[in-house]
Every structure is written in C-alpha cells, then in structure tokens.
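This structure is in structure tokens; I'll ask about it shortly.
Labels run A, B, C and D following the written order; every chain starts at residue 1.
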Amino acid sequence: MADRRGALVSAASDARVLFGAAVLLALIVAAAAAPLLAPHDPLEQDLLASFLPPAFQAGADPVFPLGTDSLGRDLLSRLIYGARVALTVALVAASLAALLGTALGLIAGYFGGWVDAVISRLVDVWMAFPPVLLSIVLVAIIGAGLHSVIIAIVIIDWTRFCRVVRAEVLVQREQDYVASAVTIGLGRWRILWHEILPNLLPLLLVLITLEMGIAIIVEAILSFVGLSVSSDQATWGGLIQEGRLYIHQAWWIMVLPMACIIVSVLGLNALGDGLRRTLDPVMRR
Amino acid sequence: MLEARNLRLALPDRSRKPLFGPAPMTEILRGIDLELAAGESLGVVGESGSGKTSLGRTLLRLYRPTGGSLRFEGRDIATLAEADLRPLRARMQMIFQDPMSSLNPRQRIAEIVTQPLWAFGRDVVADHVPALLERVGLTPALAARYPHELSGGQRQRVGIARAIALQPKLVVADEIVSGLDVSTQAQILSLLANLKRDLGLALVFISHDLSVVRVVCDRVMVLSRGEVMETGPCERLFSAPRHPYTRALLEAVPLPEVDPDWIHGGPIEQEDNRGIGMQIKGTVALVTGTSRGIGPEYVRELAKRGAAKVYAAARDTTQIADLAAEFAGTVEAVELDITDPVQVAAAAERCADVQLLINNAGINHNTGLIAPTSLDNARAEMETNYLGTLAMCRAFAPVLQANGGGAIVNMLSILARVCLPLMGSLSASKAAGLMMTQGVRAELAGQGTTVIAVMPGAVETDMTRDLPPPKMPPADVAVAALDAVEQGEEEVYPGDMATGMAQGLAGDPKAVEKELAGILPQ
Amino acid sequence: MTVAPTLAVASLRLDLGHTPILRGVDIDVMPGEVHGLVGESGAGKTMVGKAVLGIAPAGARIRSGSMTFLREDLIAMPERRRRDLLGRQIALIPQDPMTGLNPVLRIDRQMTDPLRLHLGLDRPAAAAKALDLLHQVRIREPERVLRQYPHELSGGMRQRVLIAMAFSCRPQLIVADEPTTALDVTVQRQILRLIKELQETAGTAILFITHDLGVVSKICDRVSVIHSGRILESAGVADLFDFPQHDYTRALMRATPRYDRPGDLLQPVPADLTARLIAEAEALDA
Amino acid sequence: MSAGYLLKRLLLAIPTLFGVLVVVFVLLRVVPGDPVTMMVGLTASEEDIARLRELYGFDKPIFTQFLIYLGDVLQGDLGVSITRKQEVLGLILGRLPVTLELSLFAMAVALLGGMMLGVLAVYRPGRGGELVADGFSGLGLAIPDFLWALMFILLFGVLIPLLPISGQIDPRLGFEPASGFYLFESLLIGEFAAFQSVLSHMVLPAVALAIPLAAIIARILKSSLQEVMTQDYILLARARGFSRLRIVLREALQNALIPTVTLSGVQFTFLVGGTVLIERIFSYPGLGNMAIEAVINRDIPLIQGIVLTFAVMFIALNLIIDSTYVLLNPRVRHG
C-alpha cells in the first residue's frame, strides 16, 4: 500500500497534475452546481441590458459580472451552464470511445490474424475521413442534440484508442512476463485481462484525459456550426458563434467562452501529461 | 523424463516477408536429439543464432515444433493442444533471461510468486510467500515491492522463486546470469545448484558462457545453427572436446590467467594477412632531394599511388620545374637545403600537413678515406647525409605527431651496414644515418610514427656512374620503399644486390666485408 | 629518465547530480600500454572513460583532481582545443556495436567525416583512406561495406568498422569501453587480437574498460581495479593475477567461474567485504 | 524493397478506398430514415418525393443502388448538386486547388516552424530555446486551430487590422487564374499585386492551421532528438570532436525524424481536415467552406463528393508520408 500511496503523492506533487486536477474539479463543480452558482437564468433575456461589458470595463452593470450578450442574457450564467454541456460530452464521449476502441485494440493486438486484419482495415478506412467534416455530417444526419454529439464523437474517435492500444499490446505481448504466464498455465483471456490490461492502464488514463479535451473542442465546433444542442441552450461553442457576429461591438461574448475552452483543454492536457510521467512504475524509476 | 527426437522448429522470417502471402519459414532447430533424466542437469551452449533460446522454449512448448517428437514424462507433447498441456505445465517451468521483462511490472512480488499456485488452484497459505522468498535468499519484506524497485540479482531470485513455487520436475533456465555482475552471478549460480540438489530438479541450463555451464551442469550439449555439434559429460567434453567447433569455442574463452600467446593465436577471419602500415593514398608527403637520382622517382610513385599532395624539395627549385608541371595540382616545389637550419625550420612550418617524410637527399663524393682529397669531402657528406637528415627528423617529428603519427623514410644504403672502401666516407655517413634512424624510431614510437630505413644496393644514378653494373633502376627503389611504408616494415633492402648482402651480413658479416674490400682496385 | 604518461588521471572526483560517482581515481596510462580498468557495474569505470573524453552526461561535475593528456590539462582545456584533440589524438571504441554506428548513414560517410575534419583530406582521399582502414581490420570486400548501412553488417563487422574508425587518425590514446562485451566468444577473440595488433603496430596507448577478468588477463599490460569510484589496486597484469593484493581483487577472481577448474567451488564476493568497501568509499565523501 | 514497400502501401489503399465508398454510401442513404425527405424537407408533396426517389434510384434494392453508385463514381460521375444544379465533380475541381494551396502552405509553415523549434530546444537545452519550444508546443497542442483562427480575427482583423480576415483575394484585382492555383499562378505569370493579395489573405488561415501541427512536430522532434542524443553513435561523434550543431543537424536529426514522421504523420491529415472549419471562419472559398454549405443545405450528392475527395486526399497524403519514411529510414529501404 505504501507504494501506491507514494505514486499518488508523487502524482499530486506534480505541478501539471495539480493544475489539471484543479481545472477538472472546477468544471465538475460548475456543471453539478450550475443552478446554485449561476446568478441568473441563462435563458432570461433583458433586451434593455444587451451588450453590457464585463464588470472591469466602463459602463458595466454589477448585476452582470461578465456582461451580457445580444439578447441581454447574463454571460456568466451562460458560461456556467455551458460547462455542464461540455463536461457531460467530455466524460461520456471519452469513456465510450475509450471502451469501444480499447476493446477492439486489445483483440486486434493480442489475437492477430484475420481479426487484426479486419479491425486494422476498419481503422484505416476511418482514418481516411476528416474528423471535423465527418462529425458535422454525422450530426446533420442523426439530428442535432446532446446524444448526437456524443454518438458522433464516439463513432469518430474510437480509432484513436484502437490504434494506440493495439500497438502497445503488440509490444507487451512479446514481453517475457506473458510467456511466463503461459508456462504457469494461464488462459488467453486471463492473460489479456490480468496481465496485459493492467500494464495499459496508465496509457489509457492519459488517452482518456486527452480525449476529454478533444471532446470539448468537438462539441464547441458543432455548436459553432450550429449543429449541437438546441440553439437556445447555452454552450461555449454557441456563444463563440454569437460573439463572432458582434466582434466589433462586444468582444467579450466571443473571448470569454474561448478562454473557458482553452483553460479546460490546457488543464486536461496537463493532467494527462503529468499522469503519464508519474503513474508509470517503469518511468518513475 | 524429457526426451526429444529429431526435434525441428521453423519460425516465419518477417524480414524476408514478400509483398503478399506469408513470410517464408526459417529453420531454427534442425533435428535435435536430447534426453534428460530426473534430477539431471544439461547445459546447452551456443553462440547467438545457434537456436539455444528457441530450443528452451520449444522444450516447454512455448513454441510448437514443426517436426520430431518431444516426450515429457513418457507422454508426447509435441502437438498437444494448449488446454491439454495446462495440467503438465505445473511440472515444467522456466526462468527467463531478462527478469525486468519477465516479471509483470504491475504486480507485487508476493503476487508474482504465488500466481502459479492460484493458477493451478492450489491453496495459498499465509506463510507461502515468506517461505518461497527465503528459499531463494530474499527477505520476506520484499513481498510488497514492485519488480522495478529491486536490483537485478533480486529480480532474478524472484524469477527463480516463481519457477519453483509449484515444485516442478523440470526447469529450463535461459541465460539467467548473462546480465549480472560476476559477484551476483556467483550467488545465483550457487543458489541454483543448491535448489537443484535439494529439490531434485531436472535442469536445462542455457548459456553462451562455457565456464558458467561447467559450474551447474552434469552434461553439456554444444549447439550451432540449430544442430547439435557435440554432447557429452562435462568432464570429458571440457577436457577432451571431439568436435572442432567445440574446440574453437573453448579456445576462444579468455580464461583469467596471463597468457601472452593467447591473443595472437586463433583463427583470423581474413586470409589476406598483410601488414598494417600506412596507406599512401590520400596522404601528404614531403620528399627531399628531388632534383635528380631517386628523388623524382619517389615523387612520381607517390603521385601514382594517389598521394593527396607531395612537397618536392630541392636546393634549386628551377631544376624540378618540369616535375612540378608534370603533376600540377599534386606536386608543390619547395626550396630546401637540409643543411641550412633556417630553411629546415621554414619547411616544417610551411609543410605542416605532412604525414610522410622521405629523407632522400644525400650526397656522394665517391672518395676513399685516407688517400685522396681533403677531409672536407667527408665533412660535407656527414653534413648532408647524417646531420641534414637528422635535422629534418627533428623538425618534422612534431608535425607528424600533430598529423596522427605518420612515417619517416630515411634513404640510406646497404653501405650503412658494410663498407665499400671506394666510398668509405659515404659508408661512414650512412652508418651514422642508420644508427640515427634506429634512435629516432625508438624515440618516436610513443607518438605512433613509423621510421623506416631504406638500404638499396647500387642504383643507376649519376652519383654511381663510376660504379660497375649491376645497378638497379631508381624507380624500383622508390617502389620498394613505398611498399615498405604501406606494409609497415621498418627495414627494406631493395634489389637483389642489397638483399643478398643483407642475407650475407646476417650469416657471416666478415665474409661480406672481405668481399667488398676486394673490389678496391689495387 | 622517466617517460611521461600519455594519460594521467589523478585524484579525480566526479559527482552526477549530488551522487558521488568517482571518489579520487588515479590512473596513469603510459605510451604504448594497454591499461585495463576492471570493475563491476556501477563501479564508475565507464564514467572515467567519459570524463577523459569530456563526454560525461549532463549533470556530471568534476569536483577535484586532474586529467592530463601528454602534459596538457584536459579539464581546463578550452572547448576548441578539446574538440581538436578528440578523434585525432584521442579516440573511442564504444561498447555496443549495434548502437555505435549511426543507422541512417552509410559506412563511408561515417568513416570519412572525421578524416576530412581532422586530417583535412578531400573526399576522394578520405574515401581511399577509409578503404585502406577497412583492409587493415581485415574486412572482406571493403568497397562493398563502405556503401552499406550499419544494419546490413554483423555485430563483429560493425565492431571492426568502429575499431578502424578509432585508429583512423592514428591517435595517441584510445578509450575502449567494453568493446567486446556484446560479442560472441569466437568473434570476441578475433576483435581482441585485432585491437592488440593494431595497438602494437601503431604504439597507441589504450585505456581498456571491462568487467571481464579473462579479457583483462589477455590484452592488458597493466590493470587498475575499480570499486565504488575508487581504484583499489593497480599493478602489472602478471602481478595482479599471480599476487592480487586487495581482498576485493581476490574475491572477484574466486567468483569468476572457469571451465577448466570445476573443482574450485565458486565463492560469491562476501557481502561484508562489499559493505566495507562501500563504507570506506562513502567515508571519502564527507 | 523500397519500391515494394510503397507498392504494397499503394495496393493496401485500394481496399481502404473501397471501404470509404461503402461508408460514404451507407452514411447518406441508409441511416436513418429517408434521404429524400431529408433533402427536400417535410413540406414537399408525396408526388415530388416519389419522383425524386425514382430519379435518384432510391426505389431499387440497396445493393443495386450501391453498385450503381460504385459504377458512377468509377466513371467520374459524382452526380449533380441539388442546390447548385451543377456537376459535383466540376464544383469540386473548381474549389480543390484553393484548399490544396492553403493546406500545402500551412504544412510548409508547420514543418519549418516545428523543426526549428525542436532543434532549438535540443541545441540549447535548459535555456531560452527549450523554454520557448516547450511553451509554444504546450499552447499549440491545447488550443485547436479554429480557436487560433478566431483569435487571429480578433487580433489582426479588429484590434490591429493588419491582414485581411475574409476571402482569398482582393476582388478589385479581378485576378482569375486558369489553373485555379491563385498563389502559384500569380507568382508564375508575375502578377505581383495579385500574389501579394493572395498571400496576405492566406497567412492567417494557414498559420492557424499550422500551429497545432507545428506544436506536435516540435514536441515529438524534441523528445526523439533527446533520445537520439543519448545513443552511442552520438557519444562517438562527440568523442570525434564534432561540434554540437554539426552533431544535432548531421548525425541526430535524420534519426529523430523517423519517429517524428511516424508519430506526426496523422496530424498532417488533421491539418487538411481542419481546412473545413478554417475556410468557413475566414470565408475562404475552398472545398471545406463548400462542404459546410452543402451540409446546411442537405445537398447529399455534393456532401458525398466532398467527403470522398477528402478521403482520397488523406489516402494520398498517407502514401506521401510513407514514402518520406522510406526515404529517411535505410532499414525499410533495404530491409
């Protein structure tokens, strides 16, 4: 036990991990407690108070700390509710993509042969599509909405996991500990599950954190194009799209949600990077 | 207990995989016969590529043999399915070469060593782990550690503990000490010997190190390219090897004892056993005395052999204008009187890239010692032939050192070894040159400079016009001298006359002296 | 009259980060001598070689002591002068023939680059010299080998190429860092013989770093035994093997198996001896 | 071996291409519901729908439909755009040069920038060079191209209006290249005013596209260079008295580029894929911009055609990356 705690302590003392964990925690709190945190209803319009600047600028109204948008909706509240959408997409889409991709990657890498050939070819076909265009087309077909966004991300991004996991399994499969597991009579599934998979966990953890960042971006792109959740619901991408129209008169409508995305992705990347360095027992040496 | 007959193994060779279709199979084991009794230990030795590791893995059915039979405890396991093999695996275990790779980095030591027990449904009781660890000389406190926290020797002990956990009958140990230091290696070897004795293990011990095999094994099998070269009891095989390959292998082992002859014995891969001198091609040379005689021939021969640059030195460079023009771009004329210290120093500075110095300049007044003319002729010969050449050696020694050693060629004469009374004073100056050459050679050995004495007989030059034939063409002298440079020889006697006299001097120097004395016209 | 050593290392102390690696190393390599530096892994033997060549890893710091090459101070030497010496006067034969050659460059490029840099040869002259060098290390079909990439050569061939490169500028000193460890015994013997012959012909001094007492006994003239960054014993090769002075040297010999003496039981180096040596070494750090 | 390796890759591209066709077909005809309704919306009459069905062959069995589609594509017939009433192939070929030019320019910027930063980080480790490289690649990896694009619009379009943020060329110039390649052709025929205008319009979208790729290249190149710098042959090169710059550039760089190409190869395709959104943001009249319009207008033949075109571009790009890998790595070359 001492060792595992040691790993966590050393992970926690890594500045990147701390920063990333703080960002993730902030996202979770914002998403979970949105109704409590948000000063206004994100949909409440006040046309008299449209285009109010954030509190630190002249002409601001302290009721709207980060200003308002074109319809006079409170930006802070919209950003907080936007975090809800972003985090949901990030968590669900990344986990599902990881599940699908890892399963296929494990099977392809460990069993090889025609299974591997089929899966690898499937990945090749998938990789031949531009992900952004494909997700836009997919959502256009399935119809806008949170579910569609998640489905589109899973359908597109499982290959990221599949490729990396398959390559890593090929490496691990040749290690002598696998041969040793055969000599003590362990079955193939058991070796895959108990021997190889634990060695992939740090890698998977890193990939999932990175994928969460990607999912946030994809959701923003889809909202930006107007294909994500319904347009009256607050999303970061939707805000950016709206802000772009008023860029000359109210820069904050675009810049603030952009900052939210950038900080979230930076945090998740830092978390993944830090975990990679601290969690791997061999690298930790 | 274990018996293999004509065991064959072929694995796909991915490096030769064609565009389409499967990779061609490479024969790894070509019909191995092997038997092992309970409690016996067999060493398998071979060099890389001999198939020894594949043999170990095939014996444990990690690979499926492509031919032959393999019997374990009387049962043919060569083609047994994995499911049918599983019950047998409890009685045959393996210790791997690299414990870093063979121990799962995600599992604690306790888990690793008890894994075989629960894999075979045995009860794991609380004191199993400490008992196992103590059995292999590890403190039970290590049970909670991960493999990467252990030293190499400790990891290999864990590998051994895991292999003996099920109390197997057969253990295959594959190069288990090859990555370890001598002191750790000795510990692991004694541990293995003890375990083998106490547990009655049959052991297949695979190693490239014959000495290590000798410590552990009763019998030994020598493998090369997938075939058994020789097999026999250790006492016999190590003291009286029958197969030439075994003998070569044994002789190649450097035993820790001083034996100056060992290093020069043994086979040489390449037949071409020429000396290792200096390659003229690409080198920068300086030749003195290039206005006549052998000098121009040196320059031509150097150019012919691809010297990068040749400084042709002469007292009067107008005389070598033609030569410089003939090899424009390669040959550079240098004005140099070797008896003038200022000019010598200037040459060493100007020609700072010289790697090969050929001290060819010399004079010959063709005088005896007592009778004719004055002492001045003798003094002049000494001044040029001895002191001038020495001055060049002194000036250029640091140049050669800076350029990686290089070589000095001093043009002497066979008369350096014996006097021709017609040219007594010349002989004296050349003899002084020879001694000087030997001294310089000794002093410059440390900086890697080769110093060569060239001692031809009579050469067809204007200096020797008074001498009777036979006289050799000057070009031959240059060829012989440069051959010597390239072959790293230190003394060379170009021409039949010089060779003959050198042989005579080696046999009966007095007779040679008498013969030459007889040439003097009475 | 005394001859000056080609390489003189005196009281060299070196830290890697805050860990002492060398704790006062003294080695004199005389001209034309093969000087063995023998020790187990972690003893610091490779670091001595790297320090001499000035290629110690980042974080290595020389705390005190001196290193001189032909009376020139290697530590205080300006970078330009050091680079000028390296490769020309001092060369390295690395341990692993598989990683010692650049995998993406043909052999001729790898051999001719230093010749052109240090000897100022032009391209054809350097190529000719490279060809000759391959001849000297007895490589068959050197013309073909020059056009090949490292992965097309066997381990023994690669080590021959590396040896040819080390001797190419006729250096005064070669640091050979376990040059035969990765090779099969029969190939090892040929390579050792090759090194010895070239060394004898050229009169080069060699610092021969190895863990193998057998190899030391065959190729070295003098031997220094290193443990925990200290030289425990330094002697002529015959003296060392006939009359080992230090307990550790004796223990090392008793721990080395030999096929011709099955009767001698292997004796591991006693744990208390190792502990004592480490304690002594650490006492020096204070 | 090298020709064989590439040939094998080329042949493997055929099943991939076939798979792409299947996916493109299935995507837009099978899932979910009725493509015709999707195209014309819910307001169309029953007769209209039936007529369209017949026109597009949607009344035939699905397998037959696929065969017809396959046959058409192989003959270069990608159908007719519903909204623009023009041949899809012609529409695509008209826009393709614009996107190609933008992508190539962005790749060049990314390669140059990424490699310079990677080398700088290793040439001057632990000093300014490494810090700059690390900081850049950290930001470049976290911020996607479309956010860079929006920032550039804010910065260079609104706050400091230095560069144009919309379109491809100043329309007042009236420059219409015959080849469709604005940048190349204007340079070639010496229309420097046009060239300057095209270049200034291209800078912002190209840099936005290039930053993530440059960041990846810089990071991978740095770590592979660091790895290579610990190898024995580098020690040997140092022991031969080579200067550090020479060692990094002549001994280490090519070795480090091998993993860099392998690991960053897929990012080149991401860059090309990124043009879809970037062109939209900068109103750049390329293929990607047309793709989003097609999606918004539900112009199915046009969507199919564009997706197919991108897929072919990706496959071709992967082949080019493979050949670079072969060029860099003698092991594959001589295997």
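In this section, a contact is a pair of C-beta atoms (placed from the backbone, for glycine too) under 8 Å apart; a residue touches a chain by one contact, two chains touch by 3 or more.
Since we're looking at a predicted model, the values are computed, not measured.
Shared contact partners of chain B and chain D are A, C. Averaging the CA coordinates per chain and comparing them to the mean over all protein CA atoms picks out C as nearest.
The interface carrying the most C-beta pairs in contact is the one between chains B-C.
Averaged C-alpha coordinates give centres for chain C and chain D that are 51 Å from one another. Between chain B and chain C the centroid-to-centroid distance comes to 14 Å (mean Cα coordinates, whole Å). The mean-CA centres of chain A and chain D are about 23 angstrom from one another, to the nearest whole unit.
Multi-chain contact residues, meaning those touching two or more other chains, do not occur anywhere in chain A. Across the assembly, chain D contributes no residue in contact with two or more other chains. Counting partner chains per residue, chain B has no residue touching two or more of them. Listing the residues of chain B that touch chain C in their complex gives 47-48, 181-187, 189-190, 208-215, 234-235, 238, 248-259, 262-264, 266-270, 272-277, 279, 281-283, 306, 308, 353, 355, 401, 403-406, 445-448, 488. Note for the complex: chain A touches chain D at residues 121-122, 124-125, 127-134, 136-138, 140-142, 213, 217, 221, 224-225, 227, 240, 244, 247-248, 251, 254-255, 258, 261-262, 265-266, 269. Across the interface of their complex, chain D is touched by residues 50, 53-55, 57-58, 82-88, 90-92, 94-96, 99-106, 113-114, 117-118, 149, 151-152, 162, 165, 175 of chain C.
Looking at the complex, you find that chain C touches chain B at residues 3, 6, 31-32, 40-41, 88-89, 118-122, 124-126, 128-129, 131-133, 135-136, 138-140, 155-156, 169-172, 184-190, 192-193, 196-198, 201-204, 211-219, 237-238, 241-242, 251-253, 255-260, 262, 266-269, 274. Taken together, the chain D residues at the contact with chain A in this complex read 12, 15-17, 19-20, 23, 27-28, 31-32, 38, 138-139, 141-144, 146-147, 150-151, 153-154, 157-158, 266, 269-270, 272-274, 276-277, 280-281, 288, 291-292, 295, 298, 303, 306-307, 310-311, 314-315, 318.
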